[in-house]
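There are two complexes below, and they share subunit A, which is joined by subunit B in the first and by subunit C in the second.
Right after this comes the complex of A and B.
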């Protein structure tokens, strides 16, 4: 092969046969998979979700069936997590409680995200006086303590169920998300490609919807797993105090409350839901860290 | 009538430190199908002029305080944002300085070009995609149709600039504003991109406003040249005339600063530089803005007293100086 042929072939390759198509998300996914802690956390997280969804369906025990004959049993083959003071199977009941805890956690997180994205995007995109007004309003709200406000909200609504818990937990916790989204939008707005999009006449909703919001998606995915622990802990806290989910429904918080009276003699009743909360929160934090490293490799060193 | 007539444009930035007179009375004309080179050093207001024409500056802090921008008989300063969105990309295209940041990294280049075509020409997806492929081919991207689904990070700087040009010309604008299109590129690629712009201009009979700080770039492709200094046009003339008979002391100094490779002593001698720095645009001098750096400022005290007007020395040759080269002998008498 002559030198020119070789040069031609090299130039041909260089001119761009796609060697490997990869988008930003595929790159991030590969980086995430290299992070063992985050992968393990994601696996445990998924396992817990599957457990919560599947167990109550296949379990031979009715989670609400009272059976005083088998109360306060320790872990055994028929009751892997033991039973509580009413003889209810804790394995099934913890899964049922997990459904509510995780369900409220995700629902409230998405509510937080929804409010935060709309508020932050408007503020950052419009800018100027409106941005100023919205942010000063946020400053004022910032002083609101999150849990007392949730309690107050529940008191005002009057009833406590799944959806009112979601409202109570999200109503005073979307401020940080709004601020993060606003900051992202403002930073992204300065990008040349946003200016380039405007320079070819893309309308404002196109600029916002195609060039700004999709680029905040990485941050939003991270925010989901950063907000989730706080919301799950908030729900557990309220239910533990008896202000949240009440019997016969169960959440991990209300189950821990059930075990409070007999924690010396039968610690497993309080330990098991507490471990579930701790495991889930830990996993969510690991996932958030892993996602941040994967989606923005530059921050990894710091 | 000229395609673009900017007259007495003033764009100021209202900042906490004060009002920055970034563009302060710029007038220029771009003829249909012609190339105007807008030259000047960094910070002299070239880009602000371009972005003012596109009306792309964020308000606040920037504001066009006076002047008009007549494009094809319409005053762009009077149009609503909605009307401007129809002008941008359709009638006036723009190429940006840094091709590494001017493309959205999360969208394929096909998606980005299709977006423009659908926006202005109302093509359906398939037709727009076919057209996008043709455009990439036109700007010299090998295997254009296959590369539509590639993300920007898979292109080199020069190739990305070609994609940026394809986007800018997609809807057949009559004016293309290229803001330092070659500054961020390798020297070997610069000439190719300039040639491409010039070819496209001729084929499509499109006018080109070429903004650069590089006299060489202007010499290569501009018909007319406007030299900008501290927010004002200090000299405008046909390119031939400007290079052979520069009138303004600043233009003379810029041309003298070009290294001359034919000069046998060039290697030993230092490069010529202009002493001093450009004035602060928050508080520009009331009189001639170049006076502090001008070697001819002592020829008369008018330089420090009153601003020189932009006047037509010869047909088509405009100068803003009290002592243009052809009049200096008068002052010495």
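Right after this comes the complex of A and C.
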């Protein structure tokens, strides 16, 4: 009997058996799947995205075709969500609006992540007086409302389209992400493998690009779903105030605005796009919670 | 601690200047002015205002002068703020009141009986409160409470009845936020050693909860006030618009459409300065309330 086998006997395990390999991401995936609420939320989220992509392609109704004879219809078999004041099919239009709302949502979220990662990584990696200055700046700006700045940005650019909306929504929303990334970098910097890398002469961009940034990926994935709800609601608010994307294009927010004047007689026109927003935001929040529990078990709520 | 507070105070100055500079720089980029549409001659005083220099503007802001309105004759931005801002503050405070009144107790009760039916109900409500766009909440409240049941007026800002629906709508997100936050911190505090000690020495549960747990769990409520201020300002743009509340959230949108850029700039600077100072106060309060952070932050 060899020494390892004896050790295995004593410990009550078969030391000869290969250790089960599982990466951080596999572990996280398994933990995520155990969270039924988060899985259901992810399924509904995916379903909504697929619905938005597919419906306008297969729908028998032209989303922009005006037909006053069938205006203000309630939900029926041919129009599951009813029709709006121009007789346009709301089922098709809601899917089309979802494409824009979700598209702007993800684009702006990635813009926020981009700015946040650059700012946070510089602050955390360089450290010292620069870090101090950048962070005091963030301390003061924390909680600055994004809406006035988004409105200002839209006023400056003049025309409102997909990308101006993305700029407007990300311009004053990246403070929290930057702080989170900086916190991660600071913690990771103290790890032995980072010191070892520095000791063997890895250049700063190697340390940053190979050892630090990849390890912030988990936090960034969570951040996507933490930021997405705010951005989607922000787009809806701007559109609802009449500052959104111009017709005939529509987002869920501008569709809700369409129904604003006729809510007493035809509440479905405002309620349906609003509920689409609510469903998506609810799912994103649950996904973010699930991801946080899965990727960072220490912070799991009791 | 004094050193931390002083350093924090000093840092506020460059940040305020930078925010004004950013807003000022942004405003300069805007094409056109309100006079281009009407082809009226630009009054000399207004032309001078359009060409104001950053230094002069900062001097104006420091002395509390935000300049004249470009659209409304004989009105300054200060007049508009004086007229509209109290309404917005009242709306915000009432919304905050709803949140503290309903959100905090919901969080406390949920934490005292975790995984109970009440807990699940409160957390479901909190999740939905976060997800519903406030224009839907406002519309549904008007539709049912005002139109169908005729209990409260649909819009306006005169009697106390007018103030219930707007403040409740605006308070919904902070309410959901407080319920969640208080529940989380309460659960955490209940597991602390000093709570176990209190229990071990035979204190009654009620006393443990009120003296030891609640006091320590409410610290995050104070610190949450600053980010919530951002929520409330953003929300007020929509809520004031729907309920026709004469506040600066609604006026901001009007001013943008009317291209009254000195008003837009003045209000942006004002709101930013308020948020920056709220952050300052909260940071200082935090160090005073929680002795543990004093060491770390000095």
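Please note the rule applied: the second predicted complex is superposed on the first by the 272 of 302 C-alpha atoms of A that agree within 3 Å, B and C clash if a C-alpha of one lies under 4 Å from a C-alpha of the other, contacts with A are read in each partner's own complex, and residues count from 1 in each chain.
One rule holds in what follows: a residue touches a chain if its C-beta (ideal position, glycine included) is under 8 Å from a C-beta of that chain, and two chains touch if they have at least 3 such contacts.
As the structure is a prediction and not an experimental result, all values here were calculated from the model.
J.: Let me test your reading of the model: by the given contact rule, A:115 touches which partner, first (subunit B), second (subunit C), both or neither?
T.: After superposing on A, A:115 lies clear of both subunit B and subunit C.
J.: Given the touch rule stated above, what does A:186 touch, subunit B (first), subunit C (second), both, or neither?
T.: A:186: touches no partner chain.
J.: Tell me which partner A:214 touches in the superposition: subunit B (first), subunit C (second), both or neither.
T.: Only subunit B is touched by A:214; subunit C is not.
J.: More residues of subunit A in touch with subunit C or with subunit B?
T.: Residues of subunit A touched, subunit B against subunit C: more for C.
J.: What is the contact status of A:44 with respect to subunit B (first) and subunit C (second): first, second, both, or neither?
T.: In the superposition, A:44 contacts neither subunit B nor subunit C.
J.: Considering only touches as defined above, state whether A:196 meets subunit B (first), subunit C (second), both or neither.
T.: first
J.: Just to be sure I read the superposition right, which of the two partners does A:128 touch: subunit B = first, subunit C = second, or both, or neither?
T.: The first partner, subunit B, only.
J.: Is A:206 in contact with subunit B, with subunit C, with both, or with neither (first, second, both, neither)?
T.: Only subunit B is touched by A:206; subunit C is not.
J.: Just which bits of subunit A does subunit B share with subunit C as contact spots?
T.: The answer is that subunit A has no such residue.
J.: Sort out for me which residues of subunit A touch subunit B in the complex.
T.: By the definition above, subunit A touches subunit B via 15-18, 21-24, 127-128, 191-193, 195-204, 206, 210-211, 214-215.
J.: Which residues, counting only subunit A, touch subunit C once they are in their complex?
T.: 136-137, 139-149, 151-153, 155-156, 158, 229, 233-234, 236-237, 240-243, 253, 256, 260, 263-264, 267, 270-271, 274-275, 277-279, 281-282, 285-286, 301-302
J.: List the residues on subunit B that touch subunit A in their complex, please.
T.: Result: residues 54, 56, 58, 60, 81, 85-90, 93-94, 96-98, 101-107, 115-116, 119-120, 142-143, 146-147, 149-151, 154-155, 159, 164, 167-168, 170-171 of subunit B touch subunit A.
J.: Provide the residue numbers of subunit C that touch subunit A in the complex, in ascending order.
T.: 7-8, 11-12, 14-16, 18-19, 23, 26-27, 29-31, 114, 127-128, 130-133, 135-136, 139-140, 142-143, 147, 184, 187-188, 191, 226-231, 233-234, 237-238, 241, 252-253, 256-257, 261, 264, 267-268, 271-272, 275-276, 278-280, 283
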